[in-house]
Structures are given as structure tokens and as C-alpha cells.
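Chain IDs A, B, C and D follow the sequence of writing; residue 1 opens each chain.
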Amino acid sequence: MAEDYLKTEEMVVNMGPNHPSTHGVARLILHLDGEVIHEIEPVIGYLHRAIEKVVENRTYAQCIPMMDRFEYVTAMMADWSFALAAERLSDIEIPERAEYLRVIMGELNRMASHLLCVGVTALDLGALTPFLYTFREREDILDLFEMTCGQRLTYNYIWVGGVAKDIPPEFTPKCREFLDKIDAKVDDYERVLTKNPIWLARNKDVGMIPEKMVYDYGVTGPSARASGINFDVRRNDPYSIYDRFDFKVPVYHGCDCYDRYMMRIQEIRQSARIVRQALENLPEGPVRAKVSRTFKPKEGEVYSRIESARGEMGVHLISDGSPKPFRVRLRGSSYSHLCAIPEICRGLKIADLVAIFASLDIILPEIDR
Amino acid sequence: MELAPVFAWFYGLLESLGLGDTLNEIISEAILALVVFGFLSLVALFLVWWERKISAHVQQRFGPMMTGWHGVIQTIADAVKLLQKEDITPSLADRGVFFWAPVICFVAAFAAYVVMPFGKDLIVADLNVGILYIIAITTFTVISLLMAGWGSNNKYALLGGMRSAAQVVSYEVPLALSVLGVVMVSGSMSMNEIVKSQAGWAGFHWNIFFQPLGFVIYIIAATAEANRVPFDIPEAEQELVAGFNIEYSGMKFAMFFLAEFVNMFTVSAIAATIFLGGWNGPFLPSWIWFLGKTLAMVFLLMLFRWTYPRLRVDQLMEFAWKILLPLAFVNIIYIGIFAKWLGW
Amino acid sequence: MTKQELTSYIQEKFSGEIQVIENDQKEPYLIIQPKDLHRFCRFIYDDTRLLLTFLMNMSGVDTKERFEVVYNVCSYRYKLRLYFKILIPYDKAEFDTIRDIWPVADWFEREIWELFGVNVNGHPNLKRFLLPDDWDQGYPMRKDWQGRDVITLPER
Amino acid sequence: MGLDEQKPGEEKVPIYNEKLADGNLILTQANKILTVAQARSLWYLLFGTACCAIELMATGASRYDFDRLGMIFRATPRQSDLMIIAGTITYKMAPVVKRLYDQMAEPRYVLAMGGCAIGGGPFYYDSYAVLRGVDKIIPVDVYVPGCPPRPESLLHGCLEVGKKIKQQKMTDWRKR
């Protein structure tokens, strides 16, 4: 039998924890037949910093910086989801201006995250230049954040009961300036990537996530919407003031890496739209409700979810009425995405794994916490 | 100013010493080898710097700025640093293979320049099978990459070595076929003859104008030969960490690194010689024409590098065998018809 | 379907076996018997009026009296959300796996097994997950857990 | 400092490094060239665990541009000179970090970036999984504080590594 002669031994390759394309410290044990992946065994926990345990010993105000570290790429969203959970457990009235500022910051952060994702996807597929282009625009967003809260990455800005401080007066013109140019810049990235035949060859029909797999593995956010699932927490279960904005939720039906990339490109444009509307309607007023330093929510439990940049981010918060949370369970969307990787990648090649990993925008702190 | 008379004058000087023909021959060959080697090393160092500068300016950065004027001596600093690095041989590596791989890579990269016409009469040895020799000797690189991959006893390196073997062997075929078109027209495999056949007509006798398809095939295959993006899968940083050279440190890595850039210069020089008229050109000395054309080709390859993503390994093979190879045959038939009937 | 309708619909189907806890946040919780868990999940997954096909989160909780496992599921089709939990006594710390319904539950369950020490029946892959391979200090997310090299934040 | 100013109790430094006038020019110059070459071509290992890794990427990107200092990233530890510990090191990650450091070829340098790498940072208290300071497992040359540090301070830290290298003498290598 020819097959018997040609049968080769399975090669086990350890990819990570330090590997350029695992976006941190994921470790994947690959069982390879030549270049073809038979099986992947993800090993996680290399960044398990026990945030869930740490916050049990912190007051609610002290929890917010921990949330920044839980999801540093979209730290605003992480702050927001925790603040939202704590606010649902008490009856704090959030000032109108604070809500608008949250939306502005959240959407800017979504844009920053998507820019990072698009750039890193290109980098992982071997094109270094788009990565540096997207980082160029990302720096402009980080400038806006820095202007507002003094940090580039871990903001500690969205607090329980509002936001930490008001935006400086020069924020609005700067932000408008940025919004005016971002569309043209996104066009630039598209010119480099979208129609590029090699980019198409690497991304089209690679890493299919059919609808069944979306349900099986809890794929959320842009990755689910690229598989034809028309669901966005911002629209379908509006939190904060998202029901006041006019924006489209792009949906693609290709289920592949290419559509996930397109999804992110479109979401950057839509986020710019939301920020523009929010800046237009930004009311005057206080930015923080009166919340004491030893804020005590009511006893009870709540699950708050928001649409983060890479999917649904949830905080399951249990309070026992004391100034410290009783139990916090953080749900990052990458958790489910990485769980689905072995299923998606079976029978594909190593190079595809890299593309899929990048297109799902997996980052490790969300998983390991 | 032509350089050939300088060498002739020097040879005359050597003869006047009266050392006998054999000794004269040996000394002059040795000096020539040294000159070529030194020149190529300088070129490789320059290319590394140039590549970093080009990539930086493509990406709206500055690139090396601190070391020398705009970082010109950056690569020299890199080389000196690499010389000082500890030379690690993994304990489980196959020592002999591990040691010889970079040497073979280095030698193969430099040996191609024996038949390269740098300018008018500026050629080390005008072999009558020059182009065949170059294609043969550059293929040695793949052996060294395989050796590096195997000898390192590292799975990533092995995958990189295997990939490079598959890639180079596949792309060798369209490359040789596209070169064959030129040989058919010029009727000789000697590099000098090929250059001379493109003389005259103020540049319109260059092969690129008669065989644009051949030129395109050559450039694509040559990019793959030099392991450059979009065909750099043997050392795909994001997949195989560093591919075949993952275990190499210090000077051995520097040899791979320099050989890579020398290879890039080689394929560009061949393109300049057989498609762009070699050292032919008005007004300026011939070697400047040669260098200018070659650097223009290098610049093109560098722009590819910083624009395109890389292909997947199976797409790469498909492209070679299903698209490039038939196209190369079409090119040959087309040249055959025209050369026969129109009598170029 | 509103949340009230949803809970009453499920209660009808599982008459008497399910307890509903209303809380201030207008998010009713259902309490399922651990033995019914698998049957219940299968029902809400398959029922054409619910199609709660999406497992968002599973969190283990140590309430100092017992363990709880809280499930959050939602439906993309009908835009529904449902939260339910199972109560697990300390002396019989185990529950059934639902990874055959939602494969993603594999990881959630492994995490609960590792951090809380609640055994998962029928889970084939219970091995170290977040903690180091040579971890020997018990189950860190339990409330009464004391770690060897944990420095507690001093109270101010 | 010339030899004349050397006080009696002071440790004697190797002559060829300090004395220029007395004919040891070549060794001093060679030493200078070698160390400057090292300092100007610090290839860093692409290694990042947490938030600082994003800042590390930002530092490599267009606005801050590591390449100006001659620093490029290498994915494999064998070819890198500088290991930038960007992010939290957990107990699970610690053996990997140690191993990566061991795989690097001499001369090698380590830069601890950010609070977590320096001493556990915000996870110093209450966390059961975080290594409190990477200097417990590998020697660290330069510490860059911040959470995460700004790219400017990271660049400054890298220049400090360069300064440290330039102070080295050829004889120091044997001891390392």
C-alpha cells in the first residue's frame, strides 16, 4: 500500500509562550503532519495574575485600575463594564455628560483596538508596513486619551458613577481633527490590503467559523458578525445611551478571516460616526455623580455585558453589601475564541493558524485574567 | 573612468616583477578574489543599511539615525557586535552540519560573482557557460539552508529548511526557463556575450523590451530565490520564529545575514545583466551603469518586501507550478517563433 | 418574549422543579437542581421558542455556605437572556458537565474545577489550566483559602 | 581620569583603559569601538506578556521608532542582545523567562519594563500567581518604572543600557 510507505510521523511543535504571533503568551501545542495541523492543544495561564482574587480585597474604586489590566487593549471598555455592573447594583444616577463622555471614550478605544488588530493581522501575514500605518493613527487616539486622563494605555477613567474628570477644552477640536482624517486613513489601509491578491489568497475562505460553531464556542462581537450573526449588544441590548445614536451594525456572511478583517475596517468607520454624533450633542454639566469613597452597592448579583472591541465583555458581580465586591467573574471574549481555535484550525496549515489567531484578535489577559 | 585599464596596468606591474607566469597568475587571481570579496561585503553592508532606510521611509519613520550620518555605519556596528557575540552550538545539534551550513551559504553566495561582468572587460573569468554556472552555484544556497535546518535540531528550523528546499527547487525551474529565453536570443551562455548582444540602439536593444514576460517571470522567481517577501516563508518570522537560522548566533548568523543580501544583489545583477543590457550605456563608465541598474533592481525587490504580505506555502507551490511554469513555456515558444522567423 | 414570560414559560415546562429568584436588577435567576442540569440545558437549547443556543459565561461562586455555578445563556434569534444557577453543597462538591451541548463549557468547567475544587462529572480533560503545573496549594478562589506567598494588602 | 590623580587607597583600574598617552592607544580605541558597536546595535528580543508589550510595539512603531537607535527586534533569543521584560511575569511564566534568558548569547542585557517586572506592580498584594520582580530569577541591568512606562522612558532606558555597555572593559567579559 502506498499510504503505508508514505505515512509520516506526527511532529509535535510547541508554539509559544514566547512566539511572535501568539499576541502575548499563549502556548499552542501543535500536532503537525508536515505543515498540516492535526490537532491543537492550547495551554493558557501564563498571564494568570489572579485579578479575580485581587479585586475581592479591593474597594470598588480600587477595582477600576485592575480592570484596566484585565483588558489593556480596550481598557476603557473594561472600566466601563465594571462600572456598569456596580451601578446596576445601586441606584446611582449617571450625569448626562458622563454618559456621553463614556461613549466617546469607548468608541475611540474601539477604534484604537481595531487599528491594532488590523495592523497586527497584516504584520502576522508578513506585511510590516500596514502595521506601522495603523499604529500611526492609534497614537493620535492615545494622544486624546492622554490629554483626558494622563495615561496612554491603562486609563482608570470610567469610574463608578461617572467619569474621573472632564475633558480639557482642547479635546473637542483635536478629536474632530482626528475624525476628519480617519476615514481617509482607513481608505489608505484598504488600498494596501483589501484588494491585494496575496492578502485575498491568505484570508479568503480561511478559518471558516460557520454559524453552528459560533453557538458552540460562544464566538461574539465582530467575529460572530462576520459569520452572519446580526447581533450587537449596543443595538440589541442597549446599555448607556447607545439607543440615541444612529449607526449601522455591519454584518458579513463570509465566515472567514477576510470578512473579519472587513468587519473591523467597517466598525472603525461606524465608531467614527458615533463619536462625531456624541461630540455634536455633548451636553454641559457635571461628569460624576456623588459617590462616596467607600461606595457600597446593594446586596445582590448582576451580569453586565457590553460590546467590547473583540466581542462581548461581561462582568458577573456579586455584592454582599460591603465596600468590597464579594465575587467578580470577568468574561473576556477571547476566552471563547481561543477555545474555538482547535476546531477552526483542524486540517489547515501553520500559516493559516497565524492568520486566524490574528483575525480573531485574541489577546491573552482577557483569557488568563 | 573605466576600471578595466587599472587592473590591466596592475597586471603589467606584476609581470614586470618577473615572478614567472604561474606565480603571476596565482597572485593576480588572489588579489582579484580579495577585491571582489571586499566589494561584495561592502555592498552587503550597504544594502542592509539601505533596506532599513527604505523600509523606514516607506513606513514614515527615520530608520537608523544615531550611528554615523543618518546611520550609515549602523551595519558596521551590527557586524562588529555580531563578531563579539557568543557562538552557541546547541548541545543536541549535529555539530559538523551545523558548522558548515553558514560557510556553504556564504561561499555559494560569493562564488556566483566569478562570471559577473561588472563592467566593460571587468570580469573575473568569462566562462562560456557563465549563466549556467551562476544558476548552478546559487542553488547551493538551498543545500546550506537544508543543512542549517537539519543540523540545528530544532523543529522550527527543520520546517524552515524543508520549506526553503521546496521553494527554491520549484522556483529554479521557471527561473532557468526565463533565462533560457535570453540565451536563445543571444546565442551564448557567456555573460559577456549576453551583454554585448544587447549593445547599441541607445538602450532599445535590451532584452527587457523584447521579452517583458520573461523579465516578469525572472523577477518573480528571483524574489523567491532570494527568499524575500512575498516568498520569504523559510524564515517567516511570524510562523517559524526565524526559520532555518533560529539557532544561529553571532558570526554564523551574520554569515547567513550577509549571504542573504549578497544573494539579493546577485539576482538583481543577473537581471541587470541579461535583461537590462548589463554595463551598456552612454556617457558614464560601464561599471557605474552596471551598479546603477543593479541597485535599481534591488530597490524594486525592497519595495516588494515592504508592500506585500507573504504567501502560504501551498499557494507558493501552486503559483510556481501552475502559473509561472506554463507562462515560462509560453515565453520560450514566443521567443522561439520570433527568433526563428523574424531573425533577431 | 419578556423576562417574566420567559421564566413562566420555563416554569411551566419544568413544573415545580425550578425556583425563581427575583432581584432588584430585574434579572430573574432560576435555580436548577444539579441533577436536572443537563436535561434543562438540553431543553433550552433545543426548544424552538427559546433557542438559547449561546453560553456566554459560567462563573463559580463560593458563597461561604455552598458553591454556586451561575450560567448565563442568551439567544441571538429571539434576543433573550437567561441566568440560572445550580447550588452545590460543600460536602458533595460536584456537578455534571454540559460540554456536549456547548463545547465552550469545557474550559469554563475546567476553570471551576481548578480554582474551586468542584468536581465535574463526565469531563474528560480535567487537568491544570490557569495555575502552574506544579501547583500544590489547593483551590485559590475559595473564600477560606490561604496562600503560602500571598501578601495581603494592609488595611488603612 | 589620569593615573596621576589616582588616590592610594583606590582600586587600581586596568591601565590600558584609562591611560591614553602612554602608548596603549590601540587597545583603548579597540575597546571603545567594540563597546560602542554593542551599544549602538542592541537587537531586542520580541518578548512581551502584558500591557507593556503594547507600549513596546508602540515604541517600535513610527512615532517613537526604535530603529533610530539601531534597535531591531529578533524573534529568536539566540540573535538578540537585549531582553525587554515587558509585562507581568507569573510563576507559570517564570521558568520560560529563565530559559529564554539562558538561550541568549553573551553579551546579553536585561531591561525590566514597568512595575510588574520590577516588583509585581499592582499585583504585589493579594495575588497568588505573580512573581514579585523579575530580578528574582534573572539579573536585570536597567529598570524602567511606569505602568506601563511611556515610550519615551523606554527609549531612555535603552540609552541607559547603552551607557552601561560603554562603561565596560574588554576584560569584564571573561568575568561575566
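We adopt the following convention: contacts are C-beta pairs under 8 Å (C-beta built on N, C-alpha and C of every residue); 3 or more make two chains touch, one makes a residue touch a chain.
Since we're looking at a predicted model, the values are computed, not measured.
Centroid distances built from C-alpha atoms place C farthest away from chain B. Centre-to-centre separation of chain B and chain C, using mean CA positions: 62 Å.
Taking each chain's centre as the mean of its C-alpha atoms, chain B lies 36 Å from chain D.
As a whole-number value, the distance joining the C-alpha centres of chain A and chain D reads 32 Å.
If each chain is reduced to the centroid of its CA atoms, chain A and chain B end up 44 Å from each other. In chain B, the positions touching at least two other chains are 59-61, 237, 241.
Shared interface positions of chain A, i.e. residues touching 2 or more other chains, are given as 19-20, 45, 48, 50, 53, 57-58, 132-133, 136.
Residue positions 62, 75, 90, 92, 125-129 of chain D are each in touch with at least two other chains.
Contact topology of the protein chains: irregular, matching none of line, ring, star or complete.
Pairs of chains in mutual contact: A-B, A-C, A-D, B-D, C-D.
Only residues 17-20, 24-25, 45-51, 53-54, 56-58, 65-66, 68-69, 72-73, 116, 131-133, 135-136, 138-139, 142, 152-154, 364-365 of chain A touch chain D when the two sit together in their complex.
Considering their complex, residues 90-92, 124-129, 132 of chain D touch chain C. Every residue of chain D that touches chain A in the complex is listed here, in rising order: 46-51, 53-55, 57-58, 61-63, 75, 87-88, 90, 92-93, 96, 100, 122-123, 125-130, 147-148, 150.
Considering their complex, residues 52, 56, 59-67, 71, 74, 76-78, 80-81, 84-88, 237, 241-242, 245-250, 253 of chain B touch chain D.
Of all the residues in chain A, the ones that touch chain B in their complex are 11, 13, 19-21, 34-35, 122-129, 132-133, 136, 192-193, 196, 198-199, 201-202, 349-352, 354.
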